[in-house]
Structure formats: C-alpha cells, structure tokens
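After this come two complexes, each holding chain A, first together with chain B and then together with chain C.
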Partner chain A sequence: MRHLCKFALAAVAMSAALASGAAMAQKAGGNLVFIVQPEPPSLAGYLSTSGPIGLVAPKIYEGLFDYDNDLKIAPALAESYDVSDDGKTVTFKLQQGVTWHDGEPFTSADVEFTVMEVLKKVHPRGPNSFREVTSIDTPDEYTAVFNLAKAAPYMLSALSAYESPMVPKHLLEGQDPRNAELGNNPVGTGPFKFVEWKKGQYIRLEKNENYWKEGLPYLDRIVGRFIPDASTRTAAMESGEVMYGAFGAIPNIDAVRLRDTDGFSVTTEGYATINPMALIEFDTTEPPFDNPALRKAISYALDRQFLIDNIWFGYGKPATSALSSTFAGPGLYKDPMPNYVPTADIEEAIKLLDEAGITPDENGVRAKAVLDLIPYGEDWRRAGEYMKQALVPIGIELELRYEDVPTWLKRVYHNYDFAMNVNYFYQLADPVLGVHRHYGTDQIRQGTHFVNSTRYPNPKLDELLVAGAQEPDAAKRGEIYGEIQSILAEDMPVLNLFEMEFLTVYNDKLKGIDVSGLGAYGSFAEAWIDD
Partner chain B sequence: MHSFWKRFARNRQALFGLAILGCILIMAATAHLFFPTDPFSLAGQSMSPPGQNGFLLGSDSLGRDVAAGIAHGAKTSLLIGLVATLVAVLIGVIMGALAGYYGGIVDDLLMRTTEMFQTIPSFVFAILLVAIMKPSIESIVIAIAVVSWPAVARLVRGEFLSLRNREFVQACHTIGMSDVRIMLGEILPNCLSPIIVIGSLMVATAILIESGLAFLGLGDPNIMSWGFQVGAGRTLLRSAWWVCTFPGIAILLTVLAINLVGEGLNDALNPRLRERS
Partner chain C sequence: MSHSARRLRYVLKRLIQALPIVLAIVIMNFFLLQMAEGDAVDVLAGEAGSATPEYMAELRAKFGLDQPLPVQLAVYLKNVLTFDLGYSFRHEMPVSQLILDRMIPTMLLMVSTIMLAVGFGVLLGLIAATGLNTWRDTAISIFALITYATPLFWVGLMLIVVFSLNLGWFPTSGMENLTMFYEGWDRVIDIAHHLVLPTITLSLFYLALYTRLMRASMLEQYGQDYVTTARAKGVTERRIIFVHVLRNALLPVVTMAGVQVGALIGGSVIVESVFAWPGLGMLAFEALFARDLNLLLGIFLLSALLVVAVNLVVDIIYSSLDPRIEVG
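What follows is the complex of A and B.
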C-alpha cells in the first residue's frame, strides 16, 4: 500500500491555509507571552511527556511529522514518506537545508540516533511507539529507512514534535541523555531558539532567523510565564498581560465568563492528539466488582451529561464506547455501543442488577464500596460527590476517599488496594498508544502508573489487541477495533464517563494558533499578533 | 451557682454570645427534622439563587441545598470542636499536672516536649498530620487535638507550680495522701477556672482549624461541614456568591459566640476580675 499520495492532499490543505492566511495579511514581529503551568522540570521533551515541557519544547524542537486537527499527517522535518506493502519498511525523505540552532546541518544520522539511542531507550512512551523498529538505515543524508519486525501503523501517529522530538546527535552522542546539558539548554531545528530561563518566572525564546520554512516564524519572541495561582492567571489574561493559556490554565468557570467577554476566545481545538477520557477503573479480581453486571449498572445509573453540564461547565461529550469518538477519523470508532447512556437510566440499571441476582438487603443496599478520586483538583471531588448520590437509588453505597497524589498512585497501581477509581487517561493519537495499556494482560505491570490496574484478563481480547496493532489495512483494522469495543462494552472493566475537552483561552489579537492539531503543543511558527 | 450566673450575666456580650450559641445548638439538634435527607443529595436546580426553586439559601453547583448543608454542618463543626477540645484538654492537663507537680527532670522532659510541639506553626502542623493520615473525621480530631494541647499544658503547669507549695497541699502531704489524690482531688479543682476559659476558647479555634482544613480540601469527603461548603463554593464566588457566603457567616457567628461566652466565663470565674465593673 502506497502512502505517497497522502501528502498531495496535505499540501493542498496547507496551501489553502496559507492562501486564507495571506488574505488576513499576517504581521511579522511582536512578543507573545503565554501561560506555562506548572513550571516544567526541564525542557527535555525526549525524556518526559510532562505537559508543561510540551508547552515549550515543541517550539524549539521539531518532529518528523505534524498533524492537523483531524489527526491527518502534515509534513514537518520529513518532507514525504513511503510505507512498503508489507508495512515492514518505512522510508522518510527529509527536508534539505535544515540546520540546528548551533549551525550544524540536520541529517538522517540525527534521525537514526534520536530514535534508536534516545526515544527507544529513555522516552516514557518511545519503547512502545517504536517497539517494532529493529534498525534504521541512512543510505544518504536525507533518507532514513526504518526497518520494522512487524507492521506498526500506529507509529506514524507518534512522530510529532511533542511525542518524538528530533534531537542533535552531535550534542548528545556518548552521553547519558538523562543527565545531558541539552535538557536545560535545548538546541533544536524549530522556529524559536532558546535564550533564557529565569527559574520561578519565565522561559524566553527568540525567533530563529535561519528557520527552514520561508518567511516563518512571524513572532520575534515567545515568553512562557509561570503563574501558580489560578485567579492570578485569569487576571493576567483579562489585563492582556498574557495572551494564551491552554490545558485549563484558566479554570472553566472563568473561561465561560471570558468567552462572553469581548476580546477573548475559548476553543477546545488542539487536543486531538491528547484525547483525554474521564473514566472509572474497577478492581475486577475481587467482589463486588468482579461481576460485570454491577459495572454495567453503574454505567446506566450515572448521568454523564449532568457531570459535564454542572462540573465542567458544558465542556465534554458523553462517552459512547471504549474508544473516543475522535477515532472516527481513522475509522476505528464504532457507533454507539450498548451499556453507554448519555443520561441516567435507573430502571435499566435496577433491571440489570435484579437479573444478575444482586439483591438489596433490608436497608436497600446491594453493594458497598470505597470510591477513590483522582487528586487533581476540586472538579474530581465534585464528580465523586455526585456519583455517591447518583448510585443511592440503585442501592450502591459509596464512601469517598481523596488522598495525595503519591499515596493514590501507590494504592491503585502498586498495591492494587482499591475497588473503584475515578481517573482520566490520554487516549492519544492511536489506540495502540493510549488505549491498549488499559486492557491487555501484558499491561498488568505492577508499579507502573496508568496501565491495566483492573487486571481484567481476556485472552480473546489480547489476540485482538495484537492484531489491531499490526494490521496495516485501515478497513480491516476498523473491524478489529469494532470487535474490541463490543467486548469492552459488554464486560466494561473500565467504564468511560466522558470525553474531556480541555480549554484554551486566548486574546483575540493572537492569530494563527489553530493550524496544528497539536494546539498548545504545536510550534507557533505561524502565530502572529494583530494589533 | 447563683452568684456565678449573676457575674456572667453582668456581661451583656456574653449573654448575646450564649443566645447565638443556643440557636446554633438547636439548629444542629434539629437538622434532621427540617432537612431529613442527606445534605449531599442533589435536591434540585443547580446554582439557584436564595429564595428560588424552594431553596431558602440557594443551591450550589450540583444542586445541593446550602441551608441543609449549614444545618448539618453545624453538627460536624460543633462535634469536632468539642471532641477535639476535650482530647486536647485531657492531654494538656495530664502533661501540665505531672510537670508542675513533680518538677525537676519530669518537668524538663515534659516541657521540652511541649515546646517542640509549640515551635511548629499549628495550622501547618495540622495540615501535615491530616495529609499523612487519611482525611477522615477521626484524623481531623486527632490533628486538632495534637496542635492544641501545648497551650493547656503550659497553663496547667503554671497553676500546679504555684499551688503545690501552698499550705493546704502541704497539709495533704502531712496526712499521707497519695500524689494522685492530691493532684486530682486538691490542686486540680483549684485551677479549674482557667482551664474552662481556655477550653471554651479552644472550641472556637478548633472549629476554625476544621473549616480551614476542609476549605483546603483536607476535610472528610463523606461529611458535610461549613469549611467544605466555603471551599467548594469559592470558585463560584463571582457567579454564585451565596454558596460560600452563608456558611462563612455561620462560621463567623459561631466563633464569635464562643469567644463572647469564653470572655463571660473568664469574667465570672476569674477571682481577680470579680471586682471589675
């Protein structure tokens, strides 16, 4: 199967975007101050997928690909690519004339080094994304040939500047990437150069005059400011001191207010590669939740729309399957599954419980459990308080537990000392990257965070997951994931609540920030200020 | 008793405080009559302003009745205040009495321990304790008691120090009374007044600490309290002022009332102030 043609489409889309941009007459120059929250531990995007690193590092580093808002591939450091018929050889043609910020040329040797020596070894998700890559050939300076043990179509979804940044071989070779100076003093190929990091205050980037994309970037300078207090962030946005805040930097309640204020906009675009899903994990190995009927009854009894409307101020979509509906783009999402309802259906829940023989005692209680809540803020506590009330009518009595982050992580992913846990997962750009870790028995990895804590065993499902990861044909892959979703809707070891929508709040003077599906994790090369 | 009441009643503010405290006690005792359902229950339209949709004091972001929360929260606040104070007073009296009565090495040992607790800012210490233990009503009571007892211990030690060499105590020694009996039966009743006064004021502090903890999200998530209501409502302040305003007023009134009553008790019980006014 040949993929070269895809770029023709992408090129058309790009030129269309540029044409419409030209009509708006971008202005070069200006400073963009945006919110980076919390302060990143380093700027080593090749070591950590931590959110705040993602806000800064992709302006400095670039990936082989970029992605548009529908998760379609757009060219970046790779000008084109070609997948062999058996899916086991992927050839990337690199852009010519690209230089690192220190003047050295960017070549295929950098690609080989980055993937084989850095991402495959020290990146949290890299070993999974590049699992099948056995070697990379570099026949010339601008060609990199990935040799795979098995077909790995999902790999093409993990090549963004945020997920897999290309790093300079000449600055890392022979060192341990974990301790290299590059982490705090990044040198990339991107549109902005790192200049200064004032700890506790800001990170300053300047325009890369030698950027390989003609005429870009527009901005002279980008400053990422750290503002720990939420109401101060809102005030800074309102006063125009900062112009951009993503990943809920501005709390939803204030975002809703700013949305209705002149001069500010709120968008949910730019999170397609993140795909956050709010969910409940069950301990499927012990009573009461070893019984799937109970898990499904809870799915019927919870009013997903109520959670979205009252706690997240209308931002979110009720979940309808184990996969997020954004996977409809690559054809993997299957139409609404059974046992997922947008608003509560108490009667159906009670019917399910009665049929399963889970009967109420003299106090009307059918089951008791402790509900653990993800300690990431007040919204989740409100959600827990709601759930406790919502399950009373079907006779499930919950006790809420809210602990600090390390204790909670240890309880759920190390000691497995929980019954029911409210959480959220990034489903990422492909189910292999973000969803498989929930369900595969090979993902029951005690002590590793955010993997299969439910310990739900299903050999049939394991086979399907392996098949789904390797199937190069899109239609067949869709069928496999359809079957996976049917099994998961019936067994429901993880109950998906709603597709979360993170909010980006920005000043209307700021333009050109919506061109990449990476949103805030994008390069901002085409951002400009209209004043 | 009659003269005690007369002295207490001479202080008008104390009477006012007692009246408010009485109302709050009645509210706590009758909460289940007026609001029979769980105060966490989703009673109706969310964020209703006071007086609308059947909510006397409005509803919060999930449609919970603020008035029901205040009534049930009164029970939590008073209970935690009283129990924590009792525990703190108990520990403080024992430590202070032993230190003051025996002096010497015992005194040094106990007082250095007390000072160690006193050097840590009490609210920060309470946060730390609750964070280490699981946030629950028991751990909150323990945390408040642990940060509150040193003040009692120092006060009781001082009283014991001054009383232990009095003639009536020496007389007790002479007739061969045991140490425990002298401490509990003779000295303690003579320093009860300051303990009652400091105890009553500690109830107010305990309620404030509990509210502070709940505000920071360290309350028991299964129990309604005023601090929880204020904490949950603070993000809504610009769009639904009533959610945290009314519980805030409840905290203010209760703490004020307890402080006034404490002042009144001080006036009534402190012999040195008897001739005042």
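What follows is the complex of A and C.
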C-alpha cells in the first residue's frame, strides 16, 4: 500500500473561502504596515532562522509546503507528494507555471539545488532536517524525487517557506550562498517582491503581479517597520500607523489592554510550527546540579501557573513533560509526567531534598547558585526575581545575572560557565527538529548555540532518539517518545517551565492573516484590509 | 601678515595637531571594544538559532576575526588612512555607506534641535534676566528646572500620547508615512511633520541648559564696569542690553553649543529609540549589541573628527564675537 496524498488545488480552497460569506468578500488593494522587530541582519532565510528574517522572507520566498494551524500539510510550491512504503523515496510534484520575480521559471532543478547545495550545507537546521537525503532526481521539470538513506518522517514537517525556502539556482549557482548578493536583494517566487530596504526604518515589498495563485495577493504593498521602543510600537498600533505585530512586538501588558479595546484583536494562533518552550538548563557536570534530586526539587518548588499569570498575563500553559503538549496531535506527547506540577508543592520538594541527603546549613541554605537569565526582555528578569524568592523556602539561594546577548551566549554555549540558565527553545514542528538537539550526547557541541549545554549524557536515551527519528510507523514512534519523556522527567537535565504563547496583536481591519499555521512567518498572500 | 592668512595658518596648525589625537582615539577605541565578551559571529550564530562550530570558524575567518589583535589593528589603521572605514559584516554593507545613510536624519534632528534649543534658550534667558525676580523670571526658572529634570523618554512618550493618540496631530514615530511614500515637496512636508515631536522632546532638555546659562551670563555681564560706563554715558537701557550685554553674554552659550554639537552628532539613543528615528545613535547602540566593531569604530571616528572640527569652528566664532580674542 502506498501512502498517497493529493491536495485540493489552491484555487479550490480559495473559492471555498470566497463562498463562505459575501460579507467577507476580500477587497484587493491597500497597504499593510506591520512591525518587524528587531531589524533583521539580512533577508537570507536560507542562511539563518533568525526571527525577524522569518517575518519578512516568507513573503518573498516560498517553501514546498505550507501548514495549517493543526500542523497539517497544505500545498505551496509542491502541488502533491508521495512517500514510498519504506519511506526512503519521497516524490514531489511541483506547481506549473511558477516564475521567479526576475521572470525565470521555477523548476525541479531549483528544488534540487536549494536542498543539496544550500539548505544541507549552509542552513543552521538544514543539515539536520535533510540529513537522510542522499540525492535528488529531477526526471522532469515539475518532479523532484528525494532519495533518502533512511526513512525521515520529520522532514515533511520542515518544508515551510520559513524553515526551508526555495531559492533561485540561476542566481546562486557557482557562488558561496553566504556572500551572495541575494541576501540583501532577495528574489523569490512568493506573493510579494522585494523593493527597498531603508536601514533603520523599513523594508518595502510590492505585490507580485505574476503570482502563480490566481487573484492573489490582495494587498498592493507590505512594509515591515522597525520601531525599537515597545511603548512606541503600542502607540503606533493604536494610532493605526501599523496594523500587525507578532512575537510579542506589543508587550503582553499592552496587548491585554488592546485586546479589550474596540478595533484590535489578540491571538495566540500561528505559532504551532515554532512551539516555544520556556525552560531552565542545568550544568549537570558540576555540583550542585549534578544531583538530579536538586533539579527535581526545583521543578516542584516553582509555581508555573504563578509565572504565567503574573509575568506573562495569563498567556502560556504549564509544562508537563519534556515535549510540548502540542505534540499530542501527531501522537508523540505522553500524558503529564511525574515531577511536573502546575502549582508549587514545597513539601514534596523538601522531601526530595531530605531523601537525597541535601541538608540545610545553619542558615537554612542547602545550595547556592547563580541564575543566568536569557537577555531577551524584561519579562525574563521578572521571572528570575520570582524564582529567587520562590526557592528560598526550600533552601536554595540564587544570585541573578543578566548580561547582553553575545556575553550570555558565550558563557552558556562556549565557556559552559553557568550553573542554571533560564532560556527558551523552539521545539518546532517535530521533536527531531527542535527537541533532540537539547538532549542527545551527539549534541554536546561546544561553541554551537542552543544545543545540549547541560552536557547530559545518556546512551540509552541516545538510542531512543535515533529510533524515534527513523521510525516510520506513527504508533511505534509514539511509544518511543513516551519512553524518552519518562527518562527525561526522571533525570530532568532540562526543566521545562511552560509552553509559551506568543501574542499577535492586529488591527481588526486586517483580515485573512490566520489562514496559515505559520502565522507571522506566513506569506500574507490572502491578507486584505477591510476599510 | 594679513588677518585671513593668519587665520588660515591657525586652522592648518590646529588640524595637524588633531591628527595624533584622532589616531590615539582610534587605537584606544579599538582595544576598548575588544574587551567586550563575544564577537559578531556569536551574535549572528545565536540569532540564527544554531550553527556548527565549523561554520562559525569560517565566518570568523571571513570577518578577519581569527587574526591576532595587532594584525587586526594594523589592517584597520591602514584602511582608515586610505579613507576606507571597512565593511559591516552584519549589515553586509560598507560602513561609510551605512553612516552616510544615517547622517541626513541625524543632521535634520540635531540641527533643528540645536536651533530650537539655542534660540528659545537665549530668548528665555534674556527675558528672565531682564525681569530679574519678577514672575517672568520665576516662571521661566521653574519651567527650565522641570524640563531639565524630566527623563527624555517619558517626555517623548507623553508627547506621543497627547499629540499623536489623543489629538492626532502628529505621527507617533518614524520619518516618513509608509503607506503613502510621498514624493517631492509632499515628502519634505511629510518628513517635517514627523520631525516635530522628536525635535521638541530633545530640545526641551537642552533648552533648560541654555536658558539657565544665558540668564546667569546676562546677570554677570550686567555687573561689569562697561555697563556702568554706558549708563553714565546716557545709553538707553534697551541699547545696553541688545548691543553690549547680549553680545558678551553669548560667549559661554556658544562654547556650550559647540561642545554639544559634537555630542549630538553621535545621536541620541533615547529619542531615536522612542520615535523610531533612523539616526546614528541607534545605529551605534545596535552595533554595540551586535559586536559590529567596524561599524562602531567608524561611528566613533566620525564623532571624534566632528568634535575636533566643531571646536575649531567655535574658536573662530569667538574671535568674531569678541575681537579681543585673537587666533594664532
């Protein structure tokens, strides 16, 4: 039996949307100004997964797939796909009649070049996503056949415009993609063409008149604006100068106010492919956190719900496992794990410490440590202040440290000069893409950011991770990840705090931005303004 | 020797004296910035999510960061001497182009701020000094004290709340209307419209300084002998103030303005940040956090050169205001 999947053509989906109500008839035209913060370092989404690049580049470039809010695959540059029984051959049928913004046709040669020469070589996560791809055959212009060494079910979750954008072979061939002119002058197949980048001000994109999806995009122009100050971003939203701000561009404190104001809406949709998880990493190689009992005691002593309610204004879900509960969809998330509690259980924490023989000294202190905080905003500082207080009752004395980004990255991932580090990780659309890097022994890579900084080694876990990556059968895969979650709940080298919910704030006049599971990293082809 | 030839010789001499100063500034800045932990590659790789050590090593080699420090310095100095400020690897652009792009918005903001602050400061100081200990004097002094003591970012945000959100008179931020993209004279008017709030915010702070300085300076000049002489000669009070006292009282104001022009060219991080004004201050600020050292060094060098130039200009203005001061 072959697993075959055909999509409804985009046009069909569109006419369905049109039929859903005359009151929602999309209007063509209009200019959208949205917040891009901070200013991106470049627009090379094929080189960097940096957040602000993701806000702009997927409007210009497209991926083979798009994803809906339940992480289900939707067609993009690939019209359909077909996975062989052994999972080792994946065939993509491409859309016909697609052209690059410079007029050249988009063909299977571009797909082959993008994956083999660009994503597999220079993309930060590409070597992992496409690690099993040995070659790509292009029997004709609209067919790309991926030959895999082993089955790689997770690969199909990594084909969005943000994660794996298709790039023009004719503009990159024979050059080092890292130095190519394309980074600052992007040419894609997407609904919007790059026009201008005024450093320190804005990036301007105009409608692609030759876009392959009939009748799209609706908007004439999209401008990404850089506004450094959070209060000013809120003011610009209120005055209507900008209409859309995602990834907490409008801080939660203002977002809840705008949510209750006429004319504005707040949503937590559109982050399913990113899956952010707030967490604490421990240095498991040195005292005091080489003792798992201490790590688990902290998990009991911290009130996850308090953090969410008071610092993130109610947005977030207490973590219950090493995996985010959003992985329940593909059947990978197992029920809530032991050692994860939504509200603090001080007694249990003290019991754990006493049993492990970690006793208080004459001042009631059982352990001392410096808590490093991710330097991505004031919320994390507040979280650190809460933790410092919350751990006093169980005799753990914390000192807070808040540095700038380069210093912090160097400390945690290069010098390993930390004990306990508050951080957040994107778990992404599949654990292989976003979670494995945190735990595998092969992921203890000094100098590489956002990998196994805890230096937690577990050969049994390593075997399970390898098995989980290669198992094509969904039920068996679920069992493997169940076991992985049990081990991690017991050893807890990383303590997950809560599943973060980023907020998107937008002006109610802006419609059609919720059609893709990619949210702000989506193409905005179907966005329109209802004046 | 004629007057103008002497002045020219003086300018040349000053410029030659400035060379070693600027060179020392460049070298000091270079080593100072090296003391910061982490480098541009750490930041780029951190933002990218993850990167292999091989990739990071490659980037360091590409940026020249793998060279020993003295070599890096020598390369930089060599470039500077040929008027090449180097390349910003973060922005993938030459530093000189990045700085030039930000110069116009910076100059717009700074020139309008200085004019507003000095103009109104002198005026208010004059009014306060001529009406010493009257209600005018008290009101102006209180006003100056309040504007001086209020944090800039707060003033900026309050102006946005009142004039942008409540009254809708001015845009909240930015330099241009990005839904319209005006051309020609419409664009000039649009930019001027965007310039109003940041200029008022930034000048309120300096306005207070100039008001206080002008008032004190006027009062000091009043006590001088030449004022008594003028009165004895029967010169009118109005003429004493505007012809004799004002001219002398302006000297310290010019000194102060000179010092501040140099500082202001570097931009104002707070005002640029609050109003999303694309000036040099934010550029430098972001460059620091991105460890974009070439760009930072370029901005510092430019500031140093400007301070030197402005000081020279101020010295020349002195000699025009007060003929007793001679150049040479």
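Keep in mind that, in the parts below, the second predicted complex is superposed on the first by the 510 of 531 C-alpha atoms of A that agree within 3 Å, B and C clash if a C-alpha of one lies under 4 Å from a C-alpha of the other, contacts with A are read in each partner's own complex, and residues count from 1 in each chain.
Heads up, the rule we're going with is that a contact is a pair of C-beta atoms (placed from the backbone, for glycine too) under 8 Å apart; a residue touches a chain by one contact, two chains touch by 3 or more.
Quick caveat, the model's predicted, so the values are computed rather than measured.
Once chain A is used to superpose the two complexes, chain B occupies space next to chain C without a clash.
Of the two partner chains placed by the overlay, only chain B lies in contact with A:Gln389; chain C stays clear of it.
Once the two complexes are overlaid on the shared chain, A:Ile227 sits against chain C while remaining clear of chain B. Of the two partner chains placed by superposition, only chain B is touched by A:Arg257; chain C is not.
Contacts of A:Ala235 after superposition on the shared chain: chain C is touched, whereas chain B is not. When chain A is checked against chain B and against chain C, the one touching more of its residues turns out to be C.
When the two structures are aligned on the shared chain, A:Thr359 is found in touch with neither chain B nor chain C. In the superposition on chain A, A:Asn31 contacts chain C only, with no contact to chain B. Of the two partner chains placed by superposition, only chain B is touched by A:Arg381; chain C is not.
Applying the stated contact rule after C-alpha superposition, one finds that A:Asp404 touches each of chain B and chain C.
Remark: least CA distance from chain B to chain C after fitting both complexes onto chain A is 6 Å. On chain A, the patch touched by chain B and the patch touched by chain C overlap at residues 403-404.
Interface of chain C with chain A (complex): residues 36-39, 42-53, 55-56, 59, 62, 90-93, 98, 101-102, 105, 153, 157, 160-161, 164-165, 168, 171-176, 178-179, 181, 272-276, 278-279, 282-283, 286, 289-291. Interface residues of chain B, counted against chain A in their complex, comprise 38, 40-42, 46, 61-63, 131, 134-135, 217, 221-222, 231-232, 235-236, 238-239. The touching residues of chain A, counted against chain B in their complex, run 251, 253-254, 257, 310-311, 373, 378, 381-382, 384-386, 388-390, 392, 399-404. Interface of chain A with chain C (complex): residues 31, 33, 38-39, 41-42, 47-51, 122, 124-125, 127, 178-179, 183-184, 198-202, 204, 221, 223, 225-229, 231-232, 235-236, 238-239, 241, 403-407, 409-411, 414, 426, 437, 445-451.
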